[in-house]
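Two complexes follow with chain A in common, the first pairing it with chain B and the second with chain C.
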Partner chain A sequence: MDILEFAWLIPVLPLLAFVIVGFLGSKMKDKGGIVALAGVGGGMVLALWTAFELLTTGRIYRANQDWVVLSSEYTLEMGIYLDNVAAMMLIVVSLISFLVVVYSLGYMHDQGPRRHRYFTEICLFVGVMLGLVLANNFFQMFVFWELVGLCSYLLIGFWYERPAAARAAKKAFLVTRVGDVMFMVGLFILFTELRTFNYESVWGMLDSADPTMMAFAAFFLFGGAIGKSAQFPLHDWLPDAMEGPTTVSALIHAATMVNAGVYLVARSFPIIATSAEVSLFVGAIGGITAFVAATMALCAPKIKGVLAYSTVSQLGYMILGLGAGAFLWHHGHHVAASVAFGAGLFHLMNHAFFKGQLFLGAGAVIHFVHTEELAKMGGLGKYMKVSMITMLISCLSIAGIPPLSGFWSKDEVLAMTFEAGDAGLTFMVLWILGVLTAFMTAFYMFRMWFMVFKGQPNEGTKHATEHGGHKHEAPVSMLLPLVVLAALAFGSGFSLFIGDGFFGAIYYDHAHVLSIGERLTEVFTSPLTYISIVAAVSGIMLAYFSFNKTKVSAEKVVSKGFPKAMHQLLLDRYKFPVAYDKIGYVGVYGTSLLLDKFDRYVIDGIVNGISAFLIKSGGVVRKLQNGFVQSYATLLLIGVSFIMILLYVVGVLR
Partner chain B sequence: MDYTALYPEIIVALFALALPAVNLLLKDNRFLAAVSLAGLGLSMLSVLMYFLDDMGPIAFDNGLMVLDDFSALFMMVFLSVAFLVILASSRSIEGEKHVAEYYSLVLLATVGMMLVASATDLFVLYVGIEITSLSSYALVAFRKKDIRGTEAATKYFIFGGISSAFTLFGISLIYGLTGTTSFEEIGALVGTLEEYKEMLWMALVMVIVGFGFKVAMVPFHSWAPDVYDGAPTTITAMLAAGSKKMGFVAMFKFFLIAMLAIKADWEIVVAMLAIITMTVGNLAALNQTSIKRMLAYSSIAQAGYILIAVAVGTEFALTGGIFHIMTHAFMKGGAFIVVATLATVAIGERIADYKGLAKRSNFMAFSMTVLLFSLAGIPPLAGFASKVVLFSSPIMGTVQGAEWMVWLSVAGIINSAISLYYYARVVKYMYVDELEEGAPSEKLKLPKAMAAAVAICVVAVIGIGVFPEYFIQFCQDAAQALFA
Partner chain C sequence: MIPLEFVLMISSVLFVIGAAGVILKKNAIMILMSIEIMLNAANINLVAFSSYFGDATGQGFALFSIGIAAAEVTIGLAILLNLNKLRKTVNVDDINLLRW
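Entry: the complex of A and B
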């Protein structure tokens, strides 16, 4: 049996669960939790099996079905294209989704009948994300892409009675929509130029295509990723998206939605690589995003806020890696380009694990103290041993301490950015930004960790432990995913040393196979490695002294002068929300007001006029119908004469 | 003589004649209905045999009648309509007097329609029309004590008589000019009658008026709303879905076989009548308060659409016309049966009586929605598929010099848009509006047989809409058979 023949079932199983839970869930005792678990779990087993088959054999699986046939030249297809990149995505998406569903069983327990809606939407979310990964063409990807957007809207606004949640859902939907429109423009350009959306056909035709148009296509496709993966300057929806249940945040941040953008960049990598300018643009956006988001995470007051900015920042790394790769490819450094491509995706995978863990851990913390304010926590380590240790592992990992997973991928991304600096000086600047970001990452993650688990118990902690609240850790169904993800956050980097190594399996065009010894030598003989380790360690030290030992008072630093102004600016998120609102209000709302006026007075006037006329003439016809045979007979006479005259006139005139 | 071509008609006729005798033995209404259904079923089977045997046209008596793809298809349509009407009637006329005669007359009316479908001769055609008409007059007046019903029957009879007179006058003129009543022979001769053109035109006027009455073409439509409104609703379903369609079969045969040679003389007139008919029908339907009258005007509008097929007169157009007749039989028949069904559970015939219906019977509201949306031509329902074929026919494959026919499509599409208003209004009443104050709100207990008839129509409407290719193929075969 060839498991790949059954790959189409991977998204179908969660979608089946979506249908079952949607229709019958309200009658089930657990509101569909078990069905959701079974559907997503079944999808995961198939996905892992499929990925194993793909990665061990190096096969590429294609299945294809004409979907909308307008003519032989204008055909949209539905299909499956599975290669090594898709295999990696399958592992990440299905595994984390499954763990999130397991975790949800405990986390959503107190939500009562609303769980029905939750599990229904989660199943849809997972199903369409897996469908997105399986797609074999850009158009199909776009269809699922939009469905992912819909699901995120529904889930971020899960507590729709809270105005903040409703606003956040709307914002996520509208801001990503800007990216979606660009994606669509990219699709239009692709189709007019190449007459196909199929990945392989597109890649194959790049050499003969008009380079200017391809550069535009790449630019607009990347625009889609800017929206979905929350890249600068469309990053601001992601922190707001924290208003949904924490499990949803974990799913959006680690497993599904934001990764869709990176996946799109990976799929359009060859198109991007045709243009040096667009490659540079992609890398620059990635680097700037990483840096800007990290600064905002420095003083975020809420635990999920820190994680949200951190996600944006780490996504910036991934995009930076892919951008550097495209740039290197364009300049003919094909091996390095393949490694950079792999490094971006490597970071995607590692990040998915540790960020998934961090969100679920944060969920456990919030579940315990019933607040998200870091200032109200403190001293929780005493009560939540498992959460504390697993989150420590993830923090070390994301900070980039060897040999945890975050170290390997971040180091590789930075190394490749540095290498791209040879070809274009801009990447040198981006490399510096990347190192600074690494320092800040270590600082803000440990700031969070110390404020939550160490130090004196603050009001939230006291409230939770003293007033009869639970004194224990979260239930097993919540702890299990934490432990599994922490193990992955610790060890997923070692995939570098399994078989041909990560870069021997996930690559663009050129496999980069190194033995364990060679790999270690390469990493640890490079001075760059030590620069990023030093950055990480000093970040942790600074956090330790300011938030655990309180040798350096953070409050004092930001109490006056330039630091104070800077602090306020960061709290205001560089005024981005205000800017969005301004642009939205003046540009969009203003235009829409104008159109509304036009619609109301001109269009509606015409429409209402026509309908009033029609209804009036209907009344006239109705009056003729008075029920008397005599008047009908009159009508008959008129009719006969009319036809007779008409027939003769036509006959004679001819 | 070989009666193979007549088996379907003979079976139904025998059952129609036997029913009053059966009634002497057993006075059970449902038993009689079952016997009638059995007769229709047998007849359908014999038509199916024809389809399955695939033996080509079978002529009867040197070309008085023929059983070919065209007539067989219409027999199936008429038999299906009769089947649904009797299925629904088995409950709606329960407890009335003379039920055996009722069923017998429905079957006889069906025999008439089937004769029209297979006629190849003007006189056979005329006899078929008369059989159907005479049976229908009696059926409309079935409830003798009902003033509205008897008034409707009187009107129907008067206008039916006028219509017959016109038709007969037209036929006699044509016979006088050509010396034959066979469609094919008339068709061969009619192009050679240059010096008698004026007389021929007179004949054309007479036949247009005569058939115009039957299909409720404007301005000969005025009887239709009154009669549809006054008749028992199941009979209305038969008139709208069956006997009116018989008028179109007659028109197809007369215009597209006998008068095809002088098509240029009449196509503009028919096209104008088509546009006038659809427009007047839709406009009048806009502010009706009775659902039956609204559906009656909608029928008039649909007649206008089908006239497009006559005016364009290509094989493709005829395919569309036949297809639309087929789908219209199910959607309009179904809609009237819904009204009849609801009448049995004390829901009135005012459109306002349908307010909040979805809360009392989801099935009825859903069925009515599907049927009405199909009438409006909303995909993926049958009405959409047939309108697509019908409305595209004036654009596709018209002869040179007839580019003006595009306006038929334009008129049809504009009219469809207008019609959506009154169809959607009913849907809004059923789903959006609350029940009227003081109205009962408990769930409806629907008669099973009637619900089944409705369900068949809904399934047919959705099925044809989703898989139109197969049905279009059938209609195309029928159109080819007529032109052969």
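Entry: the complex of A and C
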């Protein structure tokens, strides 16, 4: 039996669970939780098996079928394309989704009948995301892409009666829609130029295609990724998306929504690589996003806010890696390019594990103290040993401390950005931004960790622990995913050393196979590695001294002068929400008002004018209809005589 | 043989008399009679051309025309009878209900 023949079942199983839970879930005792678990779990087993088969054999599986035949030249197809990149995505998406569902069983237990809607939407979310990964062409990807957007809207607005949640859902939907429109424009360009959406056909035709149009296509496809992966300047929806349940945040940030954008960039990587400008743009957006989001995370007051900005920032790293890869490829450094491509996706995988863990851990913390304000926590380490230790592992990993997973991928992204700096000076600037971001990442993660688990217990902690009965940690179904994900956050970096290594499996065109010794030598003889380690360690130290030992008082630093203004600017998120509102209000609403006036006075004026003219002239002419038969006969006679005379004069009757 | 022009002249005169009657007379019965005069002007034309071209088709047409005119007069008189019964008048100036 060839398991790849059954790959189509991977998204179908969760979708089947979606249908069953959707229709019958309200009658079940646990509102469909078990069915969702079975559906997503079945999908996960199949996905892991498929990924194992793909990664061990190095096969590429293709299956496709015509879907919409517009004419012999214009055909849309549906199909499956599975290579190692898809295999990695399958592992990440299915595993984390499954763990999130397991966690949800415990986390959502107090939500009553609402769990029905929750599990229904989660199943749909997981199913369509897996479908997106399996797609073999950009159009099919777009279909699932939109469905993912819909699910995120539904789940972010899960507590829809809270105005903030409803607003956040709307914002997520509308802001990503801007990206989706760009994605669509990219699709139109691709289709008119190449007459196909199929990945392999598109990649194969790039050499003969018009480079200008391909650059535009790459630019607009990347625009889709900007929206979905919350890149600057469309990043602002992601922090707001924290209004959903924490499990949903974990799913969006680690497994589904935002990874779709990076996956799109990976799939359009060859198109992007045809143009130096677009490659540079991709890298620049990634670097700027990483930096800007990290600065905002520095003083975020809520635990999930820190994690949200951190996600945006880490996504910036991934995009930076892919952009650097495309740039290197364009300048002929093919081996380095394929490593950079792999590094971006490597960071996606590692980030998915540690960020999933962090979100679920944050969920456990919120579950315990019933507040999201970091200032109200503190001293929780006494009560939540498992959460504390697993989150410490993830924090070390995201900060980039060797040998945890985040170190390997972040270091590789930065190293490749540095290498791209040889070909274009901009990447040197981006590298500096990346290193600064690494420093800030370590600082804000440990700021969060210390504020939650160490120090004096504040009101939230006191409230939760004083009233008895709540001194236990989260249930097993919540702790188990934490431990599994922490283990992965610790160890997923070692996939560099299994078999041909990560870069031997996930690459673009040129596999970069190094033995373990060579890899270690390469990493640890480079001064760049030590720069990023120093950045990370100094970030952690700073956080330690300011938030654990209180040697440096953060309050004092931001109490006056420039730091205070900066602090306020960061709390206002660089005024981005205000800017969005302004653009929405002045730009879009203003234009709408203008168009409304145009419609009301010009279009309606023309239409009403025509009808008014007809009514008026009809009123004049109808006076002829006076009811006297003889006047009709007279008119008839005059008319016929007139015609006769006319015809005679013209000469027809002569 | 009478020249064609003479016959056509007579029929034209008849037609104009009929048309004037239709337009000017106020009595509906007179209008009906004027219509008959116009029809007969046409019939004369048919017969005249028929003998001029030596073709019997025109005479056949004239016979049909006379027959149909008889039927038409019957219907017209029936309408007028009803009209008279309902409105006690056959003056067309009093009958202008069907208007704007």
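For the reader, a short list of remarks on this structure follows.
Heads up, the rule we're going with is that the second predicted complex is superposed on the first by the 592 of 654 C-alpha atoms of A that agree within 3 Å, B and C clash if a C-alpha of one lies under 4 Å from a C-alpha of the other, contacts with A are read in each partner's own complex, and residues count from 1 in each chain.
Here is the rule we use: a contact is a pair of C-beta atoms (placed from the backbone, for glycine too) under 8 Å apart; a residue touches a chain by one contact, two chains touch by 3 or more.
Computed from a predicted model, the values in this text were never measured in an experiment.
When the two structures are aligned on the shared chain, A:Gln630 is found in touch with chain C, with no touch to chain B. Judged by the touch definition given at the top, the superposed model places A:Arg622 against both chain B and chain C.
More residues of chain A are touched by B (comparison of chain B with chain C). When the two structures are aligned on the shared chain, A:Asn608 is found in touch with neither chain B nor chain C.
Legend: residue contacts after superposition of the two complexes on their common chain; A:Ser515 is shown touching neither chain B nor chain C. In the superposition on chain A, A:Asn64 makes contact with neither chain B nor chain C.
Looking at the shared chain after the overlay, A:Thr591 reaches neither chain B nor chain C.
In the overlay built on the shared chain, the residue A:Thr56 is in contact with neither chain B nor chain C. Residues 622, 625, 627, 629 of chain A contact both chain B in one complex and chain C in the other. Residues 611, 614-615, 617-619, 621-622, 624-625, 627, 629, 631-632, 635-636, 638-640, 642-644, 646-648, 650-651, 654 of chain A are the ones that touch chain B when the two sit in their complex. Across the complex, chain A is touched by residues 19, 22-24, 31, 92-93, 95-100 of chain C. The part of chain A that touches chain C in the complex is made up of residues 622-623, 625-630, 633-634, 637. Listed in rising order, the residues of chain B touching chain A in the complex are 155, 158-159, 162, 197-198, 201-202, 204-205, 208-209, 212, 218-220, 222-223, 225-226, 264-266, 268-269, 272-273, 280, 283-288, 418, 421.
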